[in-house]
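Notes follow once the structure below has been shown.
Chain lettering (A, B, C, D and E) follows the sequence in which the chains are written, and residue indices restart at 1 in each chain.
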Amino acid sequence: MVVRLVNAVVMSRGFPLLSGVDLEIERASLNVVTGANGAGKTSLLRLLGGLDSLTSGEGSVVGVDLLDGDLRSLRRRVGWLGHEGSFYADLSVRENLVFAARALGRPVDDVASAVERVGLTHRIDTTTKQLSAGQRRRLGLAWLLVRRPELWLLDEPYASLDDAGREFFDHLLGDVLAGGATVVVSAHDPLRSSDLAPRNLQMVGGRVRVS
Amino acid sequence: MTRIAWLVATKDLRIEARSRVLLWQVLPFGVIALLLSGLALGPTQVGNSTAGPGLFYLVTLFVTLLMINRSQALENAPGTKASVATLGLDPAGVFLGKALALTLELWITGLVLLGGSVLFLHIALIGTLQAVPSILVTLTTLAVAGTLYGALTRGGDGPATLLPVVTLPAFAPLLIAGERSFSAALHGGALWEWWVIVVVALVAYTAVGILLYGVLEES
Amino acid sequence: MIKLSQRLLGPVTLLLLGLTFWLGLWITPPDAVQGNLVRLLYVHPPIAWVALYVSFGTASIASCLYLWKRTRSEVMDRIAHCSMEVSVVFIALTLITGSIWGRPTWGVWWAWDARLTSTAILGVFALAYLALRRANDDPTLRARRGAVFAILTAINVPIIHFSVQWWKTLHQGASVLTSNGTLNVHGSMLWTMLIGFVGFTLLFFWLLRYRYRLEVKRDLKVADTVVEALALRQREGV
Amino acid sequence: MVVRLVNAVVMSRGFPLLSGVDLEIERASLNVVTGANGAGKTSLLRLLGGLDSLTSGEGSVVGVDLLDGDLRSLRRRVGWLGHEGSFYADLSVRENLVFAARALGRPVDDVASAVERVGLTHRIDTTTKQLSAGQRRRLGLAWLLVRRPELWLLDEPYASLDDAGREFFDHLLGDVLAGGATVVVSAHDPLRSSDLAPRNLQMVGGRVRVS
Amino acid sequence: MTRIAWLVATKDLRIEARSRVLLWQVLPFGVIALLLSGLALGPTQVGNSTAGPGLFYLVTLFVTLLMINRSQALENAPGTKASVATLGLDPAGVFLGKALALTLELWITGLVLLGGSVLFLHIALIGTLQAVPSILVTLTTLAVAGTLYGALTRGGDGPATLLPVVTLPAFAPLLIAGERSFSAALHGGALWEWWVIVVVALVAYTAVGILLYGVLEES
């Protein structure tokens, strides 16, 4: 069991972003979180990534307890693609990725191939803040390729990607699942690839209604 | 830890070198602030050797605040924060790295401001040169403490204004110690007491930073 | 006519400056009080005059012309920018020659005197202008912000002058031409100073022209790279 | 002719965001700008909105010349929905919209109905920075409803909207066109409503290739 | 123009009231900075009536910089900029509105700092009270000029550090004028010259702002 949440509540300024989530996610599974705007999808992913902390209830992710485990070691094993993923805006694409590779002790050679795969080779020396919205998303994917995490948390990955980007993303999902990693995606569009059989987690009012 | 520290320090310095904010904005600001201090006190006060070191440190302090702010703002952009958090960098390394980069930047700024002080505030050159080691150590302490306090205030509403409130009381003793040792260098007098204060603070802040920076970063 | 005067600008400048130095160093007598230091008189006041009035004047007039829709052109922007840059050089020279003069006469390199302080503040204005331009890379934005800032600087010149004047003064008063119109310098000294003023003013315009041409050349080079960049961009993704 | 561009070039730091766009857009037409990531869609919309300035070439939008017209009066007649539309993050939904209404001299009563239409009534007093990504988009739409511009520039309007939001958006498009306004949308997804017959403007390498 | 000015001013003040940054961060910062200035100069200088007004204005100046920055940062968030630009607000109105809001905030801050100065720098109370009108006018000029310079530096790289460089030379004469009129109020002496400088600057900045703020906002 990669994720286990029991009656998880996350409060922010007196407002319950999550209002009691019960959830179990198996290893190497693909999970799609859907729900209306404001239902709590982003909040759920942030909780799973150790980016927000649990207010009450119980939970563990990749074996780390959310209440008194080491959140940093959790974050290290998680990959995150958020609504705004821009990394260091003043560094170039390459510099950002080299920083990540070095930080994780990965070979720096991985960077070039990751950039190649997401199709940013012609922008490799462009400063990140100069990139277009979709290119920034692609950089986010390259970052994840360098990271190779156990649990992938992707917040609306399709947003602002073009067709080629979405195709690439679908391929990537397949590879990732085949490699034994777990994926949780939030999305408003159905997944495009028909080979994948995702589990649907529908969120309503800060809770998950498993279907 | 040292590997991460080095990585973070070079990253910060590279961003700084790219944007040239230090060269084009912070340094001119410091020099102008020195000029203004001279102006604010009026011609009668300047050349008054008690005021010189104090003004130098006062201006250095304001410049330090600007630079701590910049150093923290780098980490605080909405996208950056989440992505970098998932790298799970060793917090002690991050702390040391950011402190190292800030120290270097402060040293450069401090030396330029020192030159400005000699010129505009008429501080004696020889005494000033003797004060350089104590000034560098004080700046190092400011950088280390500033990195810690910067992380403390990061992320709230308007960190740009919260930071000074939190740091100023902590910097007050350092400021006094630095000013005293500078004055002592100018007029002769016991130096070592001030060194003790500054070095103890440096060691204490470094230790606390290495141990507790992780606590600040979490959540 | 204009062509000819442009052609002559360089040689005439050199001639006048050469004359100033020759007269200043060998022909005019040393001063009774200041000795040979007085020879700075032929250099320092003209440089200061150019630094504050000629260059700031040129920059702010050009900026006004830039902001006025009918005369708006990048020529005006370039003139403003270049004269501000040359101004920095002259302000630095004013400070340097003044300091060299001040050290033996007042005993310090720098004093909190009105003239000195206002010169320094204006120098900072010029530096701030350049910093502001550097910080903006959109050419229209840069030109507009620069122009507004130059105008604000011009407005500040009298404000700075009076505020600092009323504050305190140590610096040499108007010693050449006193308020009742009598001259109080030796004849040959006056001539030398006058030639110096004209010479340094011409030097300013010569440097300005040189700097302007450099800017034009750079813009042309940029235009070439633009053509290249356009072609590269158009091939993207095809 | 609402938009007329002839060989329009927009440079930024020496890079041509637009590398020579020729384009004419008729009144009350629906135009969809498509193209790969980084092709220049956002840049084109920004130019049309008077948010970036023309470097070379010619152009006029709603009759305002882009080179020496009054860009402010152009902006006033244009509605903009960008990748990040957050308005004053410290003001509530209602306060933001009241500000816009007052600024434009529109009746303040319009605000409540606009909020109602975009489905944000239950968040009307929430601070904007607290909103979810989709809710922020909805606020952007409400802002446009209050504005009622002549030319609508919408940058990937579907992104982060849920199904109900997209439905509402399609309805809105129909109304807007029927009201005689012109719409330019950038999108990676095809428009969902089949009643609308959009003109497709395909962008490649900073230019429009009208199909 | 006045309608837009009012709208913008109330909006700025409402955001300020909501975030409480003035109350909880700027004011404490100012008071601590005053304390520190007292410390930096050492006991011999404090109570020295020449230094008092100068230090008050020096601290006020730094606080002013913080507040100008905040005032501009409100308009500069990426989403905000584009959306608000399409409202096509009258630039003269925006200028006046932002200047008005800033003036009010500076008055509050200035009066609190004045109280702090009387306490910590031992400035005579009676003279200080007599100086209040001149201080309020000086603060108004700072606010108006600051709004203009804030718009000038907005949006570039690191506006937080460019702003001081650009404003300090412009604020220097105001600082001198303010300090002199404060001193004159304390010791007696001709006041009117300083009034002339400050009021002329106020009128000039207001006029330039109304005429040229639009030029800054475009593009």
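FYI, a residue touches a chain if its C-beta (ideal position, glycine included) is under 8 Å from a C-beta of that chain, and two chains touch if they have at least 3 such contacts.
Given the structure is predicted, the values throughout are model-derived calculations rather than measurements.
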item	value
Any chain in contact with chain C as well as chain E	B, D
Mutual neighbours - chains that touch chain A and chain C alike	B, D
Most distant chain from chain E, judged by the mean position of its C-alpha atoms	A
Pair of chains joined by more contacts [C-beta pairs], D-E or B-C	D-E
Greatest separation from chain B - chain, by CA centre	D
Geometric centre distance via CA averages, chain E-chain B, whole Å	25
Whole-Å gap separating chain B and chain D, where each centre is the average of the chain's CA atoms	45
Euclidean distance of C-alpha centroids - chain A vs chain D, Å	29
Where chain E touches two or more other chains at once, by residue number	19, 157-158, 162, 165, 168-169, 172, 176, 218-219
Contacts with 2+ other chains: residues of chain D	12-13, 15, 36, 38, 53, 84
Multi-chain contact residues (two or more partners), chain C	121, 124, 127-128, 131, 135, 138, 140, 167, 236
Pairs of chains satisfying the touch condition	A-B, A-D, B-C, B-E, C-D, C-E, D-E
Residue numbers on chain B that touch chain A, as the complex places them	4, 7, 11, 14-15, 18-19, 74, 77-80, 82-89, 91, 214, 217-219
Residues of chain B defined as touching chain E within the complex	19, 21, 24-26, 28-29, 32-33, 35-37, 39-42, 44-45, 48, 50-51, 54-55, 57-58, 61-62, 66, 69-70, 73, 157-158, 160-162, 164-165, 168-169, 171-172, 175-176, 179
Complex contact set, residues of chain D against chain C	9, 11-16, 19-20, 36, 38-39, 53, 55, 68, 204-207
Chain D-facing residues of chain A, complex	12-13, 15, 35-38, 42, 83-84, 123, 130-135, 137-138, 156, 159-166, 188-189
Touching residues on chain A, where the partner in the complex is chain B	46, 49-53, 71-73, 75-80, 82, 84-91, 95, 99-100, 102-104, 136, 140, 143, 147, 149
